[in-house]
Amino acid sequence: MAMVKRVEYETATPEVRAVFDDIMATRKTDWINNFWKVLASHPPTMMRMWENVKQVMAPGALDPLTKEMIYVAVSVTNNCEYCIHSHTAAARAKGMTDAQLAELLAVVGLANDTNRLANGYRIPVDPQFLPEHR
Amino acid sequence: MAMVKRVEYETATPEVRAVFDDIMATRKTDWINNFWKVLASHPPTMMRMWENVKQVMAPGALDPLTKEMIYVAVSVTNNCEYCIHSHTAAARAKGMTDAQLAELLAVVGLANDTNRLANGYRIPVDPQFLPEHR
Amino acid sequence: MAMVKRVEYETATPEVRAVFDDIMATRKTDWINNFWKVLASHPPTMMRMWENVKQVMAPGALDPLTKEMIYVAVSVTNNCEYCIHSHTAAARAKGMTDAQLAELLAVVGLANDTNRLANGYRIPVDPQFLPEHR
Amino acid sequence: MAMVKRVEYETATPEVRAVFDDIMATRKTDWINNFWKVLASHPPTMMRMWENVKQVMAPGALDPLTKEMIYVAVSVTNNCEYCIHSHTAAARAKGMTDAQLAELLAVVGLANDTNRLANGYRIPVDPQFLPEHR
Amino acid sequence: MAMVKRVEYETATPEVRAVFDDIMATRKTDWINNFWKVLASHPPTMMRMWENVKQVMAPGALDPLTKEMIYVAVSVTNNCEYCIHSHTAAARAKGMTDAQLAELLAVVGLANDTNRLANGYRIPVDPQFLPEHR
Amino acid sequence: MAMVKRVEYETATPEVRAVFDDIMATRKTDWINNFWKVLASHPPTMMRMWENVKQVMAPGALDPLTKEMIYVAVSVTNNCEYCIHSHTAAARAKGMTDAQLAELLAVVGLANDTNRLANGYRIPVDPQFLPEHR
């Protein structure tokens, strides 16, 4: 059970229901996942977070699948079970194959490894990598 | 200064120099960055990590730029200064634009936010997201 | 099941039972939670940690509810399921409302987001923020 | 140097300058810190993040000082140097004393400790702590 | 259920079965744990990771038990449930006692605490600790 | 500069000076590092943390060098610059060789990698690893 009561579509206030409708219309789905039902317990958070998600995850300079894979990479690094499942499912729905998932996780694992080698050895940044070098 | 002495190309043993040569040939560059110079202080680690990087970062089901951006996403989440600089530079060298960097960081930030909302509210995973549902 | 056997009040040694008694007296409760039963498997750790908790969580320059909310903020950031549940329950027992929980989690989420924007963009600290500026 | 060029007030576009003005008016200050100058390099991110900060950090069920201290707790746990400095300075400006800072950091440290004891021992959550128990 | 289908010994390809055989021979066991069954869904990852584990965890300048305890320390800090269980079991199989586990977790907890005190107070590194001081 | 003023031995109160003396006597050194000088700004924290460090890091079921290496493993995973330097120096003072440091960091890196593979693939814990199986 979540920390607070989930809000179901049927019993939602009109303003929350409008966000539920926008989520389903934007995603072309006919159901609402628990993340939004739980956030709906505090409408200002729900409305604010939906504005964030809608803007950030929209197609732009990066395509939606790439964005979902970046989302998975962060969620795996932080070990957020809910987000790993929801965004892996979203990435698969956008076309991610088993081979792409395997390569994504391989990069995530390797980056977590070399991050610690760089930190543990206190490796100084090469001047060639600094933004002023561009 | 790093925790251990860096190994320079000129004074490297033949086996380490061979890895330096392979790194430069694979990357089509004419210099070696500090990460490899420091790891060369322990040749088994250097050789092992280079095999990992060469295999994982090669083009495959994911293209090299996507892989670099995933690397940046992990490094930013963990706050590894060296890796943020080196992999942002690598992503730029592979064509990442300022707009793509901005969207990448926006997704990384948002994922770090919603990871905590999901964890803090203990949101149960929707059955529709589970792998057995596919 | 925990990694080690929990120690129950009935079968505890006198020295462990004295800590159990102090925990219940300090908290004005009549039961011991699993955290202390598990730690009691190694009495030096149990006694040391109870001294820490008793000192750090006592009313002082910060009130007990604020301290509990800070505890929740850390536990959510680290995704410690046990600690999220135990300290959210403790904060509610000290008066935290649903609205306060929602705002607490909103701040935690946002801070996790902007932490990564600051790190990813490598934003230099403004001199006005440094302690020597005070 | 940051990853991208900072935008200064004098050379900002009207839409970015309007956000700068709103930041200074809301905070009753006469300068803009680097966080917003860097984010201004990507106006959609800057405008979106300012809306988030303005809503989340406004007085509500929690007072502004408590919110700043929660922000510091997260930033310290994640080790974001920029955010530790900027939000500690903000908390001090809202009245945080040295004693309160010391107690805040003591709670943050202790929570990071017990989070690992709970995780390492795999301590099962007591049913009394679950939300359904309320 | 894992994100991908586990590969069982009976239905594995010859190349995957050869790795399974090497894992069991190296560890002197007669069963394969889920980690390798899941990784076997992507043979290049499985073979690469086994090479890493075999090299890194072999006796060397550090003995195998010390290596397992370091593995546990990292896994507890990151809260990886699978790895905490598998490497605590491995450390016990190599002789770790309950008292050693308790001291290991006490150090892990304390280090997570003082890491945040050092970061939160922004304590400058003493020159005596720098590698150039040796 | 640290967030608060460091306390120097010469100007310390008698109670703080007594802790400084105990630190130097216990460690057989003739100087105090910045960690304790900064913590001395809040004597209850300083005295409490020194009791923790003295108890946890004393020889016991684990030897002091193993404890220092576990401390380094945690500090590297969390990227605490101060703690990486201070505890690597302490481990070297207790006899850690370059080869041992290299193997320690290799294990830390690998564990950070496999932690994410286990989390990303959501690998179920094998019953053989559970404590009830012992």
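Per-chain numbering from 1; labels A, B, C, D, E and F assigned in written order.
The rule we apply is simple: a contact is a pair of C-beta atoms (placed from the backbone, for glycine too) under 8 Å apart; a residue touches a chain by one contact, two chains touch by 3 or more.
Model, not experiment: these values are computed from the prediction.
Listed by label, the chains touching chain B and chain D alike are A, C, E, F.
Looking across A-B, B-F or D-E, the pair that copies the B-D interface, with over half of its contact pairs the same by residue number, is B-F. Counting the residue numbers that touch the partner chain, chain A and chain F have more than half of them in common.
To fit its Cα atoms onto chain F, chain B must turn through 120 degrees, a value rounded to the nearest 5. With centres taken as mean Cα positions, chain F sits 20 Å from chain C.
Chain F has residues 1-4, 45, 48, 52, 56, 77-81, 85, 88, 99, 102, 105-106, 108, 110, 112-117, 119-122, 130-131 in contact with two or more other chains. If the chains shown are joined wherever they touch, the resulting network links each chain directly to all the rest. Remark: chain E residues 3-4, 41-42, 45, 48, 78-80, 131 touch chain A in the complex. Every residue of chain E that touches chain C in the complex is listed here, in rising order: 79, 88, 98-99, 101-102, 105-106, 122. Of all the residues in chain F, the ones that touch chain C in their complex are 1-4, 44, 48, 51-52, 55-56, 130-132.
The touching residues of chain E, when paired with chain D in their complex, are 72, 76-77, 79, 81, 84-85, 105, 108-110, 112-117, 119-122.
Listed in rising order, the residues of chain D touching chain C in the complex are 1-4, 31, 33-35, 38-39, 45, 49, 52-53, 56-57, 60-62, 66-67, 69-71, 73-75, 77-78, 80-83, 85-89, 92, 97, 99-100, 102-104, 106-108, 110-126, 128-130, 133-134.
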